[in-house]
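In the two complexes below, subunit A is the common chain; its partner is subunit B in one and subunit C in the other.
The block that comes next holds the complex of A and B.
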């Protein structure tokens, strides 16, 4: 499949999907050799019992968060800091004829101004110029004084119109429609010829905006030749590398820091324009500069989930056996490429014949970016809706249809075996928890004729989440018995600090709160971007590796004191003792003192046998809804999310990940939709009032289930990613529940009341 | 491209954008200066037109006096002048509750509240919720139940919750949902936050 560059300024975040899929070539050191024999020789190794891993642990940084002491980029204030602001194009397409900065520079309090646009602007919201001033108000005033002369050009913001021959060409380098993905296995013609039942449907998903609570922002400060940047980012190393390229300075002279961040969801995976602006202004003036996006900016120029228009055809035997799938998708991601959405249809079900063709349609809208499980939430909505409509055509239980076509190898059972796959357990436990037998046997049937109709639906997910070999972490032991873990990863709100502390404490025989965690700095050992559900399965094994080495050293020191072999030293209750003679013991404090100086142990996340196994995460979500057939309003009553993400590190934060994934899917499935205005080329709803996000009133009881399938091959802990798997099937499960309630599939998200009523009309019309 | 008549955007210019623009835009320079320092008639009698005013307020128990501009919000003052960055700027127009603080015990959106109106009032921010090292029961409950993810909206939720539980010490789940509905959590952790609020209520009741 084609690689996708998720950002506007070539910043290293394109590695994101490669890393997620396990294709990343970048690693600071060669990964450890993988065993050449199939690891199946050692398998079904039982998961060891742990004291902290897999149990609920409160966040070690909870106190910082609840007291307001946690410093986010928005909160950073440096001595002498100026405020930068960016002027953006009001036009969706225009030639920038001239930019006159002089009136802005003449305003007292303004320190510098920059021209940012040359030639054409291609979307409303594209940066044109910037200023730095003593405070926000002066900067705003200065922006209003900049004189820009535009020659407006024809534009198109509606992707369906952009496909027409008469539409203005968005990009100079290519036509508006471009093929982004092609995939074939088997022979679909043959497959469809063998089918007893063929169902053909089109499903659509809209534009979903990330809207992290903390908008994108950066504070840049030069200390001589060295640039220090505080950035609200999911990727301190990637931003460091991107800045070095953009500013033409050595990467070694750039440090990127992110202590706390108010959400990202994929929109902060790479270098942002405002970071470069802050660094350039700061360099010119010789003082620190802070540039924060306004909420409106976050709706127009830092991405969104691209739309999809998925036309499927599926063929099956009478007994439900799948024989052929085809998918034709049109995605739209503005001036950038949309997502390919095919992985669910390619991978999830056993099907010998499959053909995919996907195109992106360019429009004069800011470029899309990766958003929590890019491509997969759209693809899962299409595929899983299709499976339910097929089940109805076959008069089969939708869950039975899914089980009937269960695959144990990837690529629809034609590729490598999954190292582990607990999806069957997810189906079983999830169905039990929701009360699957209570569903309407056929969509809309046996459900009365009242205003309120109830229904239950299911949807499946597959995602990556194996982590990145080559991730580094250091465990540092101090002679005063304090312990520090250092890694250049970052916490998005998933609880990374706590996960690291749990693994270190477990290994070193300490408590999580004993461990000092240092993350969020590009000077620390390399870790990948925090996207793709990579963080925990990359970082936790590296911490484990380092901590095991530390224990080995401590045991050697204890052995010398106890005068026994290191192999005979037992670690428990903060003491080392002799296996043969438990009375012989020495407390941790004394052994640590024998280190004499702080001692780092370097850990690395090793490789996995990718040539023999596929490593994926799975999940099955179940939703119960009620639909008001007079108003078209959908309410979710109950939700069960069963996940196979291998071993869970921290049950408490893992539950939050699942709850969050479900909630975002509910929100996208029912409410969220960015709307473009054809007449002005602008976003109609660039705020949090007109762009609807779920509130507390919309959220039902959510039950997370972890099936806890231990994977002995994936890494030294058996951990896999969770953030995205919990998001993938949630809109689809709700859509299928609505289908089960009202007997007609809405086929488009968000399922606004209008669309639900239109679907009901379609049902009445009998189509 | 064919031009359709311009649709009116539902956003338009809000009252808040208007007020914010007063200091910087044409209105501010053309209309206000002649009136500054004078009084204008209103339904409530004549009121002064300020450009700057010195206000006195109590912030987290400490008396503070400072000069503020007429169009500065309470959030501007807390974050930029008093370095109390717990209240966050999220939507900046009263749509999300990320800036919620207590004013004489009642929750307000600080981004929608002009600082001069806070003159003589008591403000409590998240920094003032704990008693020294002793966390407020609401703070403890959010930690215990993982009632947060990225934590950016958390100060707003904590302030809303603490005020709500003062008024309703034993709320039902529906009442909790209703009380929190003015605070957005983009990580989507509401289902955990209910549990935290419920646990906080129990702690406060000593149950």
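The block that comes next holds the complex of A and C.
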């Protein structure tokens, strides 16, 4: 299987991939044998009761953020700092004949200029040259003075046209269509022969752009031979390693800092071109340089979710038992590979026979990047839409159909047992919360004949999110009784500092606000990228491990003071006391003083038995919509998201994650679509007015439900990831609700008025 | 962004003189919410930006004996919140409230909305030189045209982005054009000019002229009006199709009626065939369908905007039913 572009940069996000794909790569492999030794029965694991873990805790840095004191990369101003700007190709394909920097360098205030392109440019927006100047205006003027001679070449940006034999070849090294994934288990011919009902459908998803509120940006500064970079990144360690390679300097001489961040959604997982440009300009001039992307840059050259064109065939018995699945997918990720979307169809439902074939189609468009649940979001839309159309063909309740084919092992119940799987609870609690019994019994029937139709839909998700063993965190105790937690993770805006403080406070018998959190610096102990829903299940267990070690030391010190065995010491109310003789007690302050110097405790996130169990997150989303059949407008009225992400650390920020995931899925399901023009080779909507993101008026009441299934094997806290699970099924649940309302499946997102009206015409035409 | 000069005239005479005498391309700035974007991206390249905020007498809503006078520098929020507008011209209030976002309505002006440049994504792309910018092609015609015109496109398929214009025209508003030689009054409908007149402009303002106010006639006895805006999302969206209907209803039928649509043509689009079909007959869904079909005979949808024909019916129906109710 082909890896995505961002791993090719060699940026450490391969660790993200290892986790995210470690299990995904099972898809292309031949079916795995069930392990010879039967997995141990689940121990009677009961989650311990906690004071803070699982309860809502306000962000410890919330005040700083909302009062504007939190410093984002764009806020960084260093002494002597210059502004860098990048000139980008206006052509989708061209030979760069020459670049003349001299006129730009002659402009007063311009300190340096670089050539960035050699040979061919393959998409509009590709970097060609850069300048650094005293201010933004001067830098902009300088860009306009750079003389670039292009010889334009034939190009194709329409991915469907790119498949035609007559289309220009996008890459020199391979044809426009390339197989990226295949998988077979069982015998689908036999399966379909046994089926009573066979449904074949094609579903499409469009190009969704990450568009984080904070655009990509970097400030680079050399202090002697040491490079310090402030970067808006989801991966300080990965960017450090990538910069070291790109600039040919030792990794030990590079520090990457990210204090606060306005979102990334996967587009900031790797080393970015603008970061290398900033570092090179800064090195050449000997002064700090800041390079910020404009919104247009973010729309054309830092990735997007690739499209998909998924053709499914499913066979089932009359009672709903699935007997065969096939999937043929064409993805498009521009000059890079698109996502494989097969994981849901391969894994989610019990089905003995399954065949997958996936291709990517290259076009002259900037490469796609991982976007919040890459592949799964598209795959869930296809598979879950198919399940609803199958349910209609079987005249079955869509939820019953899903339950009928419930699996307890991965690979469609043919692989490893799930360590825990709370999807059944998600179905049960979610259905109750939405009022599932109110849905139309058959799609489009029973809800009146006016222009407004209502419907309810469901969709399922599976994702990874087990975390990365080897993640490190330090808990540092100070003799004055202050506590610091240090970890080289980063906060995308999800509340990482707070969850770390919650775990440390819980373990040390303190309050979250007592803990000083230090993150966002590649000089701190290693942590993986914040992608793949990895952060909490990687970092929280490492913090827990370090804090437990710290408690052990504190108890030993207290035991010495109290002249009892360490095993006799209990911790409560900021006091250590003897279990045997409660009169013997000593306050925290005195025990901490006995440390005599600041004392670090090293924690590590341990491994998990991956050879015996599959570790996944699950969810079931339910949406209620109303559709105006004359205007084609869809409104989501009510939404319930039931998640199995193991133990929740901070209920408040977890709920925010879910609301954010649902909002993003609603937005992608109804509005968001990057539109390419084959005539100009450009994006026609590279801004936030024409690229439409949901507004507050479009967001309904959203009810997050956590089913709190405790997994004792996954890590020392039983926590799993949540960021992506909340996004995976949301577009699909809304699409199925629309189907339930109007009796025809739109089969393509975003479900704009145009597409809804076209689907209704298809229904009228009786196809 | 190209450098430009800014002028801040104090009076309308100063303004007229400045506009008449300028040797450089002039852009008049009202609220500036969109013009600033155009200047920054390089789509607009004015040598002189004339700030209308300093000109006395251009703002304000004034009830007069034959109607309402709305100065061009009246902010959209003021129009939306005005008690007389709410009482006598509810469709105008609805149009004002449907426009942009609260933040933009607080800064954007009536004149700015009436004179806003098109939102066509080819026009707005600084790398594209289309007919409107002096080039030879309309890129939308062969290209991506989901949001473009189904009526009246003639070598340029922009749509008029204004919400206020359809409502005002349906109410019979007139526009006052200020010039160095005195005022000129035209029907607001005649203020707009289709691409075949001058593809680089959307209205009749000649060099040295400026829009001064709009005057809405006093409501007739039995006057009913409605404005319906169909868009893709809840707010901050230009109309896919909008419909302004105004008229006099007697016994369930429109004795008089005006139907003007936004989002469908390069100018606010008067649907005279629909008016003829609706006039004098009892309002019903079937009648509205006939009216829409009559109007749509003039439509020439392109590859991606055929759905707007369906929306013409949907918007017309909603507006006619609301006005007749």
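Rule of thumb we're sticking to: the second predicted complex is superposed on the first by the 734 of 767 C-alpha atoms of A that agree within 3 Å, B and C clash if a C-alpha of one lies under 4 Å from a C-alpha of the other, contacts with A are read in each partner's own complex, and residues count from 1 in each chain.
Here is the rule we use: a contact is a pair of C-beta atoms (placed from the backbone, for glycine too) under 8 Å apart; a residue touches a chain by one contact, two chains touch by 3 or more.
Keep in mind that this is a model prediction, so the values were computed, not measured.
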Joint occupancy of subunit A by subunit B and subunit C, clash or fit: clash
Which superposed partner A:631 touches (first subunit B, second subunit C, both, neither): second
Partner chain(s) touched by A:65 [first = subunit B, second = subunit C, both, neither]: first
Touching partner for A:570 - first (subunit B), second (subunit C), both, neither: neither
Partner chain(s) touched by A:134 [first = subunit B, second = subunit C, both, neither]: neither
Subunit B versus subunit C as contact partner of A:74, first or second or both or neither: first
Which superposed partner A:753 touches (first subunit B, second subunit C, both, neither): second
Greater subunit A contact set [subunit C / subunit B]: B
Contacts of A:659 with subunit B and subunit C, given as first, second, both or neither: first
Touching partner for A:680 - first (subunit B), second (subunit C), both, neither: both
Subunit B versus subunit C as contact partner of A:213, first or second or both or neither: first
Colliding stretch - subunit C into subunit B, listed as 117-125, 171-179 or 207-215: 117-125
Intersection of the subunit A residues that touch subunit B with those that touch subunit C: 137, 140, 677-680, 682, 684-685, 689-690, 694-697
Subunit B residues touching subunit A - in the complex, by the definition given at the top: 1, 3-7, 9-11, 23-25, 79-80, 83-93, 95-96, 98, 125-127, 129-130, 135, 139, 142-144, 146, 148-155, 158, 176-178, 180-181, 183-194
Residues of subunit A touching subunit B in the complex: 58-59, 62-63, 65-72, 74-75, 77, 135, 137, 140-141, 144, 154-156, 167-168, 211-215, 260-263, 265, 294-295, 492-495, 652-653, 655-657, 659-664, 667, 677-680, 682, 684-690, 693-697, 699-702
Subunit A to subunit C touching residues, read off their complex: 90, 137, 140, 628, 630-633, 670-671, 675-680, 682, 684-685, 689-690, 692, 694-698, 752-754, 757-758
Complex contacts: residues of subunit C adjacent to subunit A: 1, 119, 121-122, 125, 127-128, 139, 142-144, 146, 230, 232-237, 240, 304, 307, 310-311, 313-315, 317
